[in-house]
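The following pair of complexes shares a single chain, subunit A, combined with subunit B in the former and subunit C in the latter.
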Partner chain A sequence: MRSLIEMNSMLSAADLAAIVVTLKLATITTIILLLVGLPIAWWLANTRVRAKPLVEAIVALPLVLPPTVLGFYLLLAFAPDSPVGQLWQYLGGEQLAFSFSALVIGSVIYSLPFAVQPLQASFEQLPKSLLEAAATMGANGRDQFFSIILPLSRRGIIGAASLGFAHTVGEFGVILMIGGNIPGETQVLSIALYDRVETLQYSSAHWMAGGLIVFSLLLLGFIYRFNKTASLYPAGRVRS
Partner chain B sequence: MSLQLDVDLQRDDFQLQLTGTLPSDGVTAIYGPSGAGKTTLLRWIAGLEKSAAGELRFRDEVWQDHQRFIPTHQRQIAYVFQDARLFPHLNVEGNLAYAYQRRFNQQGPSPTQVGDWLGITALLAHFPGQLSSGQQQRVAIARALLSSPKILLMDEPLGSLDKPAGQKILHHLQALRQHINIPVLYVSHDIEELSRIAQHLLILEQGRMIEQGALMDLCSRLELSLSHEENAASVISASILNHDTHYGLSELAIDSSHRLFLAASPGEINDNIRLRIPARDVSIALSASTDSSILNILPCTIDSIEQTGESRILVRLKLEQQFLLARLTKKSADKLQLAVGQRVYAQIKTAALLNEGSPHE
Partner chain C sequence: MPRLLPLLLLLLTIGSSLANADTATIATAANFKPTLQRLAAVFEQQTPHQLTLVGASTGTLFNQIRQGAPFDLLLAADSERPARLEQLGFAIAGSRFTYAEGRLALIGYPAGRDLNPASLRAELTTGRGKLAIANPNTAPYGLAARQALEALALWPLAQGRLVRANNIAQAFQYVDSGNASLGLVAYAQVIHSPRAHWLLPARQYQPIRQQAILLQFGHRNQAAIDFMHFLTSPPAKDIIRHHGYAVAD
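Now for the complex of A and B:
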């Protein structure tokens, strides 16, 4: 209790709001990343289309581009008079620019390679022979997906979710460009930290920076530990 | 009641092309050298290999024709692959349950029964990676049976096993016939293995069907390459007349005028059994020698003679209905002046029992 009160004195209400916004953004982004990433990764792992390298390159773009480049184009796209902004408002949304929804869209695009690549890798390793075996036992495509593909790709899915989550928490550039800095709405931890440093609130900045380091270490530690020990195949051997 | 096929399937530089009707009961063997297209044919029947053109009918169901293609999961088949293909994330029990939950016929055998038949009850908690390849294959066979399929397709199920493990599975397969009666298509390049379990044989070479018919008939046909192989043998059916406990022999009747003695066989009196008599272990004499150590000397008629190599000939000998093969040197054949229609005596050095006797062969 004492430490919580202490923390309360160290973190202002605005700081706590930033934590809540960050966790909310990362959670929603991760869920959407999995929903969007699964089909893209499955398609990439199985397609023989010649355009596959192009699609792979587009998905991987956020890995190499400065976040500000992506942020710049998203900012243009989200403007109220742009086609995307217009469509969003037509579909019943509020103004897209500087909204939480804009942050989610930006985060999903920015973190897409972190979700797609581990998924694609585990789908590529999945022995297709097992799917044939399942088909001979009467399992249709949907059944095969839930009974064979998902459990055998567990490692890739958890990796994709963790990396997507962690990467969203660590985002800065894109959000700075498209999110504005509205406390309690679009102000995430990384931006709040920047804000505190700018205004010389070093104590608050220390708490945030230190907290982010500990959180990231824990999350990455979990991912690596899981990757190492996850005994998908208890005797460690897949015959394909 | 049959499996009608008409397939034309092109893969790179290989073409599988055949038309035929296979029986849809008992065990039908698909035999041929490697690269003949046996596996491709079986996969096509399962719907795992697609051909643009082709027709496939199982009993009164169309599985493929010019406008329909029934996908694998709707054909109500079961398939035993050469590699067992057990699901690595499920233990043995889970693998069996996977098939059982999706079984095609509610009347089918239960996991307990099937586990018993194949001797895998002690393995239920193990994961596939912890099993030997022989155990994996037995689990795969059990899993296939639990689907209660209309037809069981087996692709060289012993192909990746060592000899003892293979023999063990073969025993299980032979014993299975007491429990369930589903048609089986069985691919193998080992005619000895097929002689044990198959009644019907389809011979495939370079994607074409050479011949099909009763296995016992085809084995002794001189024009087929089957009889020219190093381990060529005739397959004969006989019934057990009596057991001679003094000498440890069983007396068998091949037909009304031919008797054979064999090291005590496990069957009951009157059981039908199947014997395999290698061509190289049969020699020919012009008279019934009484001063020979060879126990089994059968009078027969030369049905046909074929030269199979520079120095060797193959002789087909007729008993009453069944045939024996004898492989001789050309020199001895010339010395005896063998000719078609001649009455001779076949001296049989070895005969191997192929099954443990069943009343309904």
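Now for the complex of A and C:
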């Protein structure tokens, strides 16, 4: 009895594998989030098209939808005989569902607003006059981006990266639906924790759950300290 | 008058049992819920009692009961967790019994494909699709699936092709959506569907003994106690068999 409940006083090899998968997923997702999020946020911050609220709403959808909605549609989309699954295999990919790539795709969509919104907020606060002045002095778009936009948007970029990373680490519902719980491939920390609780390995569960709390606290503390203001978003802008 | 006494007693008994109509909350393993709904409907017709059904995985229910969930009766998917609840004092000692034995079936995608030991082996050797099973660590049907694959000497071959669903319902859904090409699921899930399946021989895995136990919370709940007795009655056993489980006579 006791041996079953108190089994694994520390983290096992499988637990460590879950931590590695989680960190790998969060890192890759964050990089893609920045690559995808920067142009979207820049466009949203500068566009005057009437469809802008619609695009903003689409980006923000994962904030309000239950993860099961995304998980459900992704599962249907990833099936080998669906158009998305066919395209993926045509492009040389293995089967999409239950693969690490599937988790990356799901995580990027799921965490997109957490990256786009801080970026958009900081882009909107860039003084346009500065860019115009730089342009009159002959700085091309690339110069402007690297010597003005990037340094001035530092906070937004770090906020977007940290939030995207943290939110991916905290993901559960989507992965439960599309992951297939494969150790070393798609078994992330939150899923491993769920397994441990179901199998009464409370000791192992405590290590994971406690570790996640400390990790998230440190990361959020870092973001707040970096921003120095009370908001996760630069200069008082509240995400709407 | 003396000859009327038994009749009077009978009327009194009926009257008192009507007055004692109880409501019981029954926690059931997800795989058994459709069957339980049918059983509950019959039971509620025959008695004044009312039943509320709660379905989740046996592991989840076990944890909830340990944290004081207000369930009167547990219909688990295994025998291990009811036994443990008994030892821990969360359930009434001696009330535990096997109400159904689960059976394992192989299903495939597309739904009409031919299924037998050879097609399972062929898929694992030359095919590329995934084989969905329930998580062997948490789900009794997952454990049975693993045992069956071991008995068929396919377990090593299946590594790298296995996807472990959260429960047997998700394993079914992985196949149904086409994401897995094969799946080992509960026979109860396919018995009334037009989907092709192969019923695995019972000798290939340890019996999936689904046990019921009266919980401490329900030890005075007449509805729960009556329903336990009802589960062992021939009409109830017929319903359980009809839904794809084996039941001892």
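The rule is short, and it goes like this: the second predicted complex is superposed on the first by the 219 of 240 C-alpha atoms of A that agree within 3 Å, B and C clash if a C-alpha of one lies under 4 Å from a C-alpha of the other, contacts with A are read in each partner's own complex, and residues count from 1 in each chain.
Everything below uses one rule, namely that contacts are C-beta pairs under 8 Å (C-beta built on N, C-alpha and C of every residue); 3 or more make two chains touch, one makes a residue touch a chain.
This structure is a prediction, so every number in the text was calculated from the model and none was measured.
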Touching partner for A:124 - first (subunit B), second (subunit C), both, neither: neither
First, second, both or neither for A:176, with subunit B first and subunit C second: second
Contacting residues of subunit B [partner subunit A, same complex]: 46, 48, 71-74, 76-79, 81, 83-89, 91, 98-99, 102-104, 127-130, 136, 143-144, 147, 153
Subunit A residues within the subunit B interface of the complex: 129-130, 132-140, 143, 147-148, 151-152, 232-240
Residues of subunit A that touch subunit C when the two form their complex: 1, 75-76, 78-82, 95, 97-98, 176-177, 180-182, 195, 197-200
Residue ranges of subunit C in contact with subunit A within the complex: 57, 59-60, 62-63, 84, 87-88, 128-130, 132, 135, 137-138, 162-166, 170, 173-174, 177-180
